[in-house]
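This is the structure I have questions about; it appears just below.
Going by the order they are written in, the chains are A, B, C and D; count residues from 1 in each one.
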Amino acid sequence: MSEHVVPLRIYYTVFAALLFLTGLTVFVAFFDLGTLNTIVALTIAVIKATLVVLFFMHVWYSSKLTWVFVGAGIFWFLILIAFLFGDVLTRDWLPTAVGWEGN
Amino acid sequence: MSEASSPLAHHFDDLSQQKEATSLGMWTFLVTEILFFGGLFAGYAQYRGAYPHAFEAGSHHLDIVLGGINTVVLIASSLTMALGVHASQLGKRKKTAIFLLATVALGLVFLGIKAAEYTHKYHEGLIPGAGFALQGAERQQMLFFAFYFVMTGLHAAHMIIGVVVVTIIAFQAWRGRYSPAYYGPVEVTGLYWHFVDIVWIFLFPLLYLLGRH
Amino acid sequence: MSTQIEPRKVETELVGTPAPNYLTNGFGLKSWLLTIDHKRIAILYLVSITAMFFLGGLFALLIRLELLTPQGDLMEAEMYNRMFTMHGIVMIFFFLIPSVPAVLGNFLVPMMIGARDLAFPRINLLSWYIFVIGAIITLSAVILGGVDTGWTFYAPFSTTYSNSNVALAAVGVFITGFSSILTGLNFVVTIHKMRAPGMTWFRLPLFIWSHYATSLIMILGTPVLAIAIVLVAMDRLFRFGIFDPALGGDPLLFQHLFWYYSHPAVYIMILPSMGVVSELVTCFSRKRIFGYTFVAFSSLAIAVYGFLVWGHHMFTSGQSIYAGLLFSVLSFLVAIPSAIKVFNWSATMYKGSISYETPMLYAFGFIGLFTIGGLTGLFLAATSVDVHVHDTYFVVAHFHYIMVGGAIMGFLGGLHFWWPKITGRLFPEAWGKFAVLMVFAGFNLTFFPQFVLGYLGMPRRYHAYPDEYQVLNVMSTAGASILGVGYLIPMVYFLWSLRYGALAGPNPWGAKGLEWTTPSPPPTENFDETPIVTEEAYAYSKEEPEIVGGKQSTRASLR
Amino acid sequence: MLENFPLFPTQASTIAGEVDLLFFFLIAVASFFTGLIFLMVTVFAIRYRRRASDEIPKPNLGSLRLELIWTAIPLLIAMTIFGWSASLYFKMARVPDDAMDIYVVGRQWMWKFQHPEGNREINDLHVPVGRPVRLIMTSEDVIHSFYVPAFRMKMDVLPGRYHTTWFEATKPGRYHLFCAEYCGTQHSGMVGSVIAMEPRDYEAWLAGDTSGGSMAARGGKLFNQLGCVTCHVPDGSGRCPTLVGLFGNPVQLITGEQVVADEAYIRESILQPNAKIVSAYQPIMPTYQGQVSEEGILQLIAYVKSLAPASGETPGTVGPAQATPGTNPASSSQ
């Protein structure tokens, strides 16, 4: 993107970090943390993805416009998730009649 | 994006405008890819929330070792691609081609492992549809495998396109087409490749690491 | 930033031999089918979407003829279901979505911002080829027996119970989606990176603002429709069972994915026409737009809010009540920017010098009919009224008021306005005015009775209906035939004008804008040298602007 | 053609009047703004028409005050409409508790009704006037939509889910029943009528043909036929949880979660037994997918409902009585 040439050592440190995080996510998967498992797995994946985006894809060194485009893509995906789950999670909440006590 | 002779396209004022436009164009395309895969991830998330039991049982059928190896292979290919772009920025013709070909090789390894997994699933009768082996109460796992095959299949399709494009760019880099002033196509192909790697970074934990305890 | 291109010698213009322009720059099929000139691609699009428009219109007339009688005896139920499905698919995916952006947008976006072409000319040609391939595949589905799922492809009917070629039509629509994505991508990059020196964002014509907002929707929405269509195709061809209720699949997931794109898609259809109307109103009132920044940002607001409201298509579908109310309040909010635009257009005419040429009549028609269309949208956003009118002819009337009354009126207005620039010929003014009046009359007679039918409870997509609805249906069919003829007339005199139309000078309407500074038809590279922009858009007069309605606008630097 | 030509639908249910009131308010707002815009455009177009061909009008600047005015006023009107429609929508969604149940099954191109007393009808539904009627609806194949224009009510009918809606007829008469969601070839043929009758006539009609006994009775027969009774022994001694007093009360699952045993839970347990397994029990129940029809499931549910504990003491199944805060004690179904 930019004319900026990224020094090689950054690539290698990012590569090492990605390998470590992959190992970590597999390691953590073998513990039963209940719903926490998913959260941890997703957080690690987000960290790995951010590393790839910022350094391998040079977004760290590029114009604000690129940041806006990347941010917009992620934000619109979150809109889909938010409103889809807004419906799915509350689909069973019916306004029960006052004084409901079984049929 | 430009004629063989001078790299500057007729409708651009200068090379830097062309470079910025090319990169912005690829980033816009990657935004459409985020939402393309996003629709799948949204469906996957809803069904996994509704049927955690069926998804965990389905995930146990997957081979975690092969998945892990594939993740490492793809991360390595991202590194070689980044080094390839780095080399083309510095005008090193041969190094760029070598790194890009390394990326292609790693991509082919990934596709090979993927093909092995698919044939394994075929023999186990886990391909969703008429021939799905599990019946009765277990049949709901077909939803997991439906998402598994659509998501990894779509990802593999993107890998194949990536392998073809990177091979072409590697060949052109070998012929000295790119220079420190004109390396847009190499970088843009790199962006695409890194995106495909990021999709796998999310696919691996969501599909392979369910309920492993 | 602009390198100097040696000025071309302009030969003296001999009568009959026009100066070399993009139309005379190469003849024969190859020069058209392999062109990367955005202007020629615009004309390729114009020809293909006109063909699709008349095909879709034919389906519409057959539907209206069928509904003349309650028993529905013109055709069988299967045939009728295929008719309304193909009417929907052809009109939406192959006419309304590409019409203004791909024809007028392709032609004018580079010219209005002072560029020589779009950022990716070859991708632009690829976008047209993808459109044609998608059209061929979808129409082959028609020839092989049609598809009867409605343009909405709702599961589980589309995935398991329909026995028409749904997969083929799905592949066709899937491919056509990429044509729209690539057009959007081209516009966004061009508007960001290729504006002429001095063309700041707030000097852009509002046509560009509306196309920028439309391109955002094309980029952010179309992929989700693509994946929804892929899932339907997977379900149908390989029985994956993603939407199969017996397995626990959720048909509402398809509706969410479908409407996530399909509601913003209605803004893809209306926003470009709003851009056209902003150009028409300013040119024929010879005045700057009233409240430029408000009209510009309302385009962006419509594009962004448009993504938060899709649930109002699913109020009665079993979607949760609380999500329904959330979508309802957001749907009311999305109506506000449209209201701002309409008020600003009207205010632009205040103390203007208004002339009634054909394009301006289309603009009047747009403002009137779009207002009715937008306000009936409030009926549908209110959940309790929507429960009664959802999936009835009230909804059909609402979206036709916006699509036909708004988008097509805007498209025709723009086509008439820029026809002299595109072809170098003037169309016959009298016939133009006559066609507008006919379209306006035919339109209202067709769709206003459908509001009444809708509240009476006649459901959509019925080929037979109770007797008491017949009178209103007959009125609607009568209107449809007038509307049909009204659309044929421009086709005739446009073709006629190619041969016999008076030669149009560079600026027949005296309009402002970089595209009017070029000869018509313009040379292939648009400008001999990249123009430098010094004034804001629509600067018709050089005098000091007076203040309207008291307090000085805070954006004094708006000048 | 002209003798029967209404322009406005009859009002035959309690909420019809209120919906029409909101509808008229909306018409008033719409016609006011349409008139305003039409007037503005016509007056300006005529008054400021172009007199000389080279006439250049004095430019005028935008004005923030005007912009704020025509943003705030439409916003205000929109929010009042929203508030009004939301309160009415809640009233439409909340089923009164004294409502009588009717089970509806939609299938490609007909409506099938079952009254708890046993009467079964196709396409025609007899209901008493003046009593709220709760419809528990599902579909056997594609999405349909139960729509009675005269009652101003419509609810989609999805396969694999129970949807609940209600109405209360106010005027006796025969009203159109349409399918409003496109469902295939005979979508326009999937029509019927709702016949609202005086309560006396309804009781007489009801007593007419209770041939096969009440739904609960038929459900009991099916319960035995399918062999459910071998495991679900009433006194809880079988290998499966007893069903006495199960309906409407919370159930403790092996995952630690707690769900309310409503129609959807029972239906899911019949078709996908492993989806929710009751704590302290093994997942040994086979699936009955394809062996029992939608009507059969509804009859089984009616039977389970009828197994209320005789003396009303705490139900047999283990589990704390009060509902967990997260999930409302859903009335009858999703």
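The criterion applied here is as follows: contacts are C-beta pairs under 8 Å (C-beta built on N, C-alpha and C of every residue); 3 or more make two chains touch, one makes a residue touch a chain.
Just so it is clear, the model here is predicted, and its values are computed rather than measured.
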Exercise for review: Could you find the two chains linked by the most C-beta contact pairs?
Suggested key: C-D
Revision key, fill the gap. Separation of the C-alpha centres, chain B versus chain D, in whole Å, is 45
**Study point:** Distance from chain D to chain C - Cα centre to Cα centre, in angstrom
**Key:** 37
Review point. How many angstrom lie between the CA centroids of chain A and chain B, rounded to a whole number?
Key: 17
Review point. Which chain B residues sit where two or more other chains touch them?
Key: 20, 24, 28, 31, 35, 38-39, 42, 46, 50-51, 54, 139-140
Check your understanding: Among the residues of chain C, which are close enough to touch at least two other chains?
Key -> 192, 220, 224, 248-250, 252-253, 256-257, 260, 318, 321
Check your understanding: Among the residues of chain D, which ones contact at least 2 other chains?
Key -> 90, 93, 272, 275, 289, 334
Review point. Given which chains touch which, is the overall layout a line, a ring, a star, complete, or other?
Key: complete
Exercise for review: Would you tell me which residues of chain D are touching chain B in their complex?
Suggested key: 255, 272-275, 283, 285-287, 289
Study note, to complete from the structure: Touching chain B in the complex, chain C uses residues 1-3, 110, 115-123, 181, 184-186, 188-190, 192-194, 219-224, 226-228, 230-231, 234, 238-242, 247-250, 253, 256-257, 260, 525, 530
Exercise for review: Over in the complex, which chain A residues touch chain B? Could you list them?
Suggested key: 1, 5-6, 8, 11-12, 15, 18-19, 22, 25-26, 29-32, 37, 41-42, 44-45, 48-49, 52-53, 55-58, 62-63, 65-66, 69-70, 72-74, 76-77, 80-81, 84-85, 88
Check your understanding: Which residues of chain C touch chain D in their complex?
Key -> 72, 77-78, 81, 148-150, 152, 154, 156-157, 161-162, 245-246, 248-249, 251-252, 285-288, 290-294, 316-318, 321, 324-325, 328-329, 332-333, 335-336, 339-340, 342-344, 346-347, 349-356, 364, 367-368, 371-372, 375-376, 378-379, 381-385, 387-388, 390-392, 452, 455-457, 459-468, 470-471, 474, 540-541, 543, 545-555, 558-559
Revision key, fill the gap. Residue set of chain D touching chain C in the complex reads 1-2, 4-9, 15, 18-19, 22-23, 26, 29-30, 33-34, 37-38, 40-41, 44-45, 48-51, 55-67, 70-71, 74-75, 78-79, 81-82, 84-86, 88-90, 92-93, 108, 141-143, 145, 147, 149-150, 152-156, 158-161, 163, 176, 178-189, 191, 271-272, 275, 289, 334
